[in-house]
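Two complexes are shown next, each including subunit A; its partner changes from subunit B in the first to subunit C in the second.
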Partner chain A sequence: MDAVTIASIIAAATPLVYAALGETITEKAGIVNLSLDGTLLLSAMVAFATAQTTGSVLLGFAAAAGTSAIVAGIIAFSSIELKLNQIAVGFVLFLLAGDLSSLLGQSFVREPGPSVPPLNIAGLSDIPWFGKVFFSHNLSVYGSMVLIIVTYWYFYRTRAGLELQAVGERPEAAFARGIHVERLRYIYTFVGGAFVGIGGAAFSLDVKFGWSEGHVTNFGWIVLAIVIFGGWHPARAALGCYLFGALQVVALKLQPTFPSFTQVLGIMPFPVMIFMLVAINRPAFRSLGDRLGLFRRFLRAEAPGGLGTIFERG
Partner chain B sequence: MNSDTIRTAALAIGGSLLLAGLLFAANGENPFEAFKLLFEGSVGSRAKLSNTLLVWVPLTLAAASLVVTFSAGLWNIGVEGQIIVGAIGATWAAREVGGPSFVVITAAIVVAIIAGSLWALLAGVLKVYGGVNEIFGGLGLDFVATGMATYLIIGPWQRAGVASTSGTDLLRDEAWLPKIGDENISWVSLALTVAAVIGVFLLMRGTSFGLKLKAVGSNVHSATRLGIPANRYMLIAFGLGGALAGLAGSAQVLGFHHKLVPASSGGFGFLGILVVLLAAYRASLIAPIAFFFAAITVGTTFLELRLGLDSAVGGVLQGLLVLFVLLAGGWQRKRRTEAASALAPTPSAVAGEG
Partner chain C sequence: MLELLDIHKHYGSLRANDGVTIAVERGSIHGILGENGAGKSTLMKVLAGFITADSGEIRLDGESLPTGSTKRSLESGVGLLHQDPLHCMPFSVLDNFMLGRPESFILDHSTAQAELNRLSDEFGFSLDPDVPVRTLTIGERQQLEIVRLLSLGIRVLILDEPTTAISAEQRTSLFATLRTLAGQGMIVLFVSHKLEEVDEICDRVSVLRLGRLVGEAELPVPTERLVEMMFGEMIVQSPRVTAEPGEPVIDLESISLHDRLVTLDDISVKVHTAEVVGLAGLEGSGQQTLLRVAAGLLSPARGSVRIGGETLTGRGYRRHLDAGVHYLPADRLGEGLVEGLTVKEHFALAGIEPQGFLLDWERASSEATARIEEFSVKGTVDSTPESLSGGNQQRLLLAMMPEKISLLVMEHPTRGLDIESAELVWTRLLARRSDRTAILFASADLDELLRYSDRIVVFFAGRILAVLDATETDSEAIGYLIGGKERV
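Here is the complex of A and B:
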């Protein structure tokens, strides 16, 4: 594959990287935000509307992050304070946020507006091949690359990251050790939600520019699948995003070959991605992780023990 | 139903109506006028009522399907795909089977039920034997079903002359469900829907099968310890739920579109999940709640026509209503738990709703 194709895969996957890492952070703390497909729509709409109205792309990103954090906050509140089922509340918010985006975004459909400006990194972008692939994008794309590294470092190299994992794995044990389970779950649901919103903005202000009804439908579900595919590991989740980006590019390249199946090819990456989950769940793949010591954590895909459960102070 | 529950329900409905009114007002409309139009546009005349019932049929069948799978503790998001596969099955039979109306329609409905059921079992097998969470297995199969329908419409079943994603050619007259007078709605789909709701109600309420299904749903491990084969019960729940979803697909094809369209499910599978959440998983409540939702859906398309308000406002109303009812119910339980633990001599942890 040539450098331009790979660069386009990296760019296409950027919104998914933000959203998948955001959801990974939230789920690591034990909360499932199932609303993603609606939240991405709503935040993409809010980002575009804000940027178009104010002329500021940065404000668009901020508004999207805030909107998405609020939706996530409803899930955290209803789970932590009201002990409601996270899946149920998340599903309702998925439909509600999606419909809200259609209703409130009416006047922004197919309008022009500002987008993230390209930014070649001086010096680095001139390196043959690598420069084209990694350093000829924009701030949104570079930010997603930095986020992968920072999240990895935070999860596995900091004390706060250890506490985050403890809260998600065994909240009761974490509580007994004096960790503020509820406070941390709130914080990480907000933070994760904000990154999902940034993902929405990365769609409507960059990769899939503009707004129309159902602009980014189905990407939220793919992100939720990628988080599982990613085994709640930031680097593997990012790999899943790039893999999906590649699938999309392949489907796009196949379209001229099968002109009559354009519509079918457009949705094929979705089931293909989801059915990779089946392969990942096979014992043969999982035992690979035990044999390859170096990549053990990378290959082991297990949900945090306390994921989706209600925490009760003993 | 105690007075507390009624107060919560009233609070939730009042709250969402208030918000809906604010939503209308924010769009520059008189809220009372909008509510009046909503009412007129959904049940104001025979034709409008007939349109509402056209939505009520697939929505209620989807909800009935979901009551079965929810009872077994399953989040059958694949219901959308099962409706589509049912629609494909019905279309196939209507194209292939000759003969009088009675034969064609019966064949189409039976094929749709079988197709929906098998499609749901696929999600069940993925879950039980593949370890794939039913939410994602179901979603994947939803995409595949949509892809299959699109492929059939632009490929083998394309319209004579020009292929178009708007749908196949209309089915021949024998495959159209008989209508009530001049109205669009058919007594066949109404009767089948009522029968399905009663059937699911009786199954869940009066049979040992329903009881065991609920046991599996509330705790797989203790159900297994009691000797209930949990895997088999989950698969049966998928099969039954898929059958009802397939029936909904056949109603969409034979009684509404009269052809195969790419989005045969019309989102009723997902909306059905909201209905069941609002009904608190009870079969007895799904028919009236689905009617209310259908009225909102149809009424808001009328609002769009008259006021130019996007019909997404209907979805917003439905979503707000369910969200409020869930939150109000949780708040009420929290208060009750706190009151109980204040009275109890030793504070004890009370298990929350799963």
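Here is the complex of A and C:
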């Protein structure tokens, strides 16, 4: 495959990488943010509206992150304080956020506006092939690459990451060790939500520039699927996003060849992705993980034990 | 010195702790004895900061201890070892060891591992830092917890029913560890409802009943006195009953099956009419899996299941039910009963007489009333199972048993029940045996296995290690066998 195609796959997957890593962080702490599809829409709209009004792309990203963190915060609050079911609250917020984006975004439909400027990294972008693939993007794309590495490092190399995983795996065990379960669940739901918002902004200010009603609809659901099949592992989730990005690019490239299938090709990545994810989660694939010590964590898909549960003290 | 002063803790109208005062000297092992619901766990959770007491004070070496925060309790040197140690099961041993320790922000695995190894060596434990905790036995997980708590510098170690699920060998090792720790000046609180153990390991004992401290004694003391304190009366254990076994009811032949953590390998067990066969073994040694095969919930990969002479291999649960097999799961609330449905609705759902398409509520109601009266379930036809105590849940399950069953399959029939409730449950079960019902059950309680079984089948790592005549063995012998060893 030529360097330009791979570069376009990486770019296309960037919003998904932010959203999938954000959701992975939240779910690792034991909270399910099911509102993703609505949140992505709302944050994409807020990002575009803010950037267009203020002229600042950075403010657009910040506003999207804040909006999405607040939606996520509602789920954390209703689960931790009100002991409500996270799935139900998340679903209602999905509907609400989606509709809100249509309502508030009306005056921004198909308007021009600012976008993330390209940024070739001096020196590195001149390396043959590699430079084109990895270093001829913009800050949003570079940020997503850094985030994959930082999330991985944070999860598996830091004390805070271990505590984060414990809070999601078995909150009682974390509590018994003097860890503030509720506080951490709040923090990581907020942080994860903020990254989902950045994903939304990466759509409307870069990859899928602009705003129209239902602009990025369905991407939230595919992200939720990627998180699950990604086994709550940041690198694997990111890989899932790139896979989906590749499918999107392939579908796009096939459109001139099969003009009568344009509509079908547009939605093909979704079912194909689901089938691929199911395939790699076969038990055979997982037992391979047990045999390969080094990649065990990478290959073993496992939901956090306390995912979606309500934690009661004592 | 540790002092618990006038601890009160109420849950609604229930007085879980009603003015409990206990003092424990440094360097001693102190027993906290009482039946289920006596308030032992509540008291220990207050001490370890899991819950806040309504009133009262805790002092360690004269200093008042903070309450209501596990973090501050740990910092003050109080650590609680749970009955089922609180570990993150998929995490490695080392991760669980490091979790909650004041580690540097970027984890230093090698230093922590050195600390883990040093403490393990000191007590003769062998803990592989890299394996997931879920592959460990409860005994090994207790060792990990002890080592972890010690590395936090605790001065008071609380053990909540620590011997429930460990082998005799692990128990011996645990007791040796506790004696060493006491020798080093540690205060060890040993919470138990097992008299013999308290008598064996503790220097002094406080007995709780219904939330109150009802007695204290220097050990050793005659067992009868402890029983009297615990229950307020003498309990006469019913004498052993036997019946003459008849035809084989279930014939499990060369069963092999891979199930999550254990692989059953060529297991053959027969149970005859009016015979009680007990399955012994550590949790996850294969006995639960075999019970599920017997009940028709799992199909064996190889081997055959014959019930009443008919081959039922792989024919499913429904077919087993029709053949007169009745299964009582260990997880009463999870598998046995339906949370949220009332007792009456349970009888409508799966009562003694099957209901038609339209429910006859009056019949369900009268059936339920009669049965809960007969089995002395403390509750009404409108109670939900989650509002009942463990003992009453088990009695409700027994009350729902059909009239005619040929084989009763049970996991831990009296787990979590106090002596009185357990007696009552077994009286009912043995009455079934007199009606020629065969009983196949698994238990972690060796005394229960010895008292009620005719034969005891000992499992170890998916294999049958021994089949023993219950009248010709003792708990020590079985205790060693379930750990995979002959008596030394």
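The rule is short, and it goes like this: the second predicted complex is superposed on the first by the 311 of 314 C-alpha atoms of A that agree within 3 Å, B and C clash if a C-alpha of one lies under 4 Å from a C-alpha of the other, contacts with A are read in each partner's own complex, and residues count from 1 in each chain.
The rule we apply is simple: a contact is a pair of C-beta atoms (placed from the backbone, for glycine too) under 8 Å apart; a residue touches a chain by one contact, two chains touch by 3 or more.
The structure displayed is predicted, hence computed values, not measured ones.
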| item | value |
| --- | --- |
| Which superposed partner A:Leu103 touches (first subunit B, second subunit C, both, neither) | first |
| Partner chain in contact with A:Asn85 - subunit B first, subunit C second, else both or neither | first |
| Contacts of A:Ala51 with subunit B and subunit C, given as first, second, both or neither | neither |
| Touched partner set for A:Arg170, first subunit B, second subunit C, both or neither | second |
| Of subunit C and subunit B, partner touching more subunit A residues | B |
| Partner chain(s) touched by A:Arg313 [first = subunit B, second = subunit C, both, neither] | both |
| First (subunit B), second (subunit C), both or neither touched by A:Ala238 | neither |
| Partner chain(s) touched by A:Gly305 [first = subunit B, second = subunit C, both, neither] | second |
| Contacts of A:Pro271 with subunit B and subunit C, given as first, second, both or neither | first |
| Subunit B and subunit C footprints on subunit A, overlapping residues | 313-314 |
| Residues of subunit C defined as touching subunit A within the complex | 45, 50-51, 69-75, 80, 82, 86-91, 95, 98-100, 103-107 |
| Subunit A contact footprint on subunit B (complex, rising order) | 75, 126, 130-133, 135-137, 139-141, 143-144, 146-147, 150-151, 154-155, 163, 165, 262, 270-271, 273-274, 277, 310, 312-316, 318-320, 322-323, 326-327, 329-331, 333-334, 349-354 |
| Sites on subunit A touched by subunit C in the complex | 157-160, 162-163, 165-166, 169-170, 172-180, 302, 305, 313-314 |
| Residues on subunit A engaged by subunit B in the complex (per definition of touch) | 34, 74, 78, 81-85, 87-89, 91-93, 95-96, 98-100, 102-103, 106, 213, 218, 221, 224-225, 228, 260-261, 263-264, 267-268, 270-271, 274-275, 277-278, 281, 310, 312-314 |
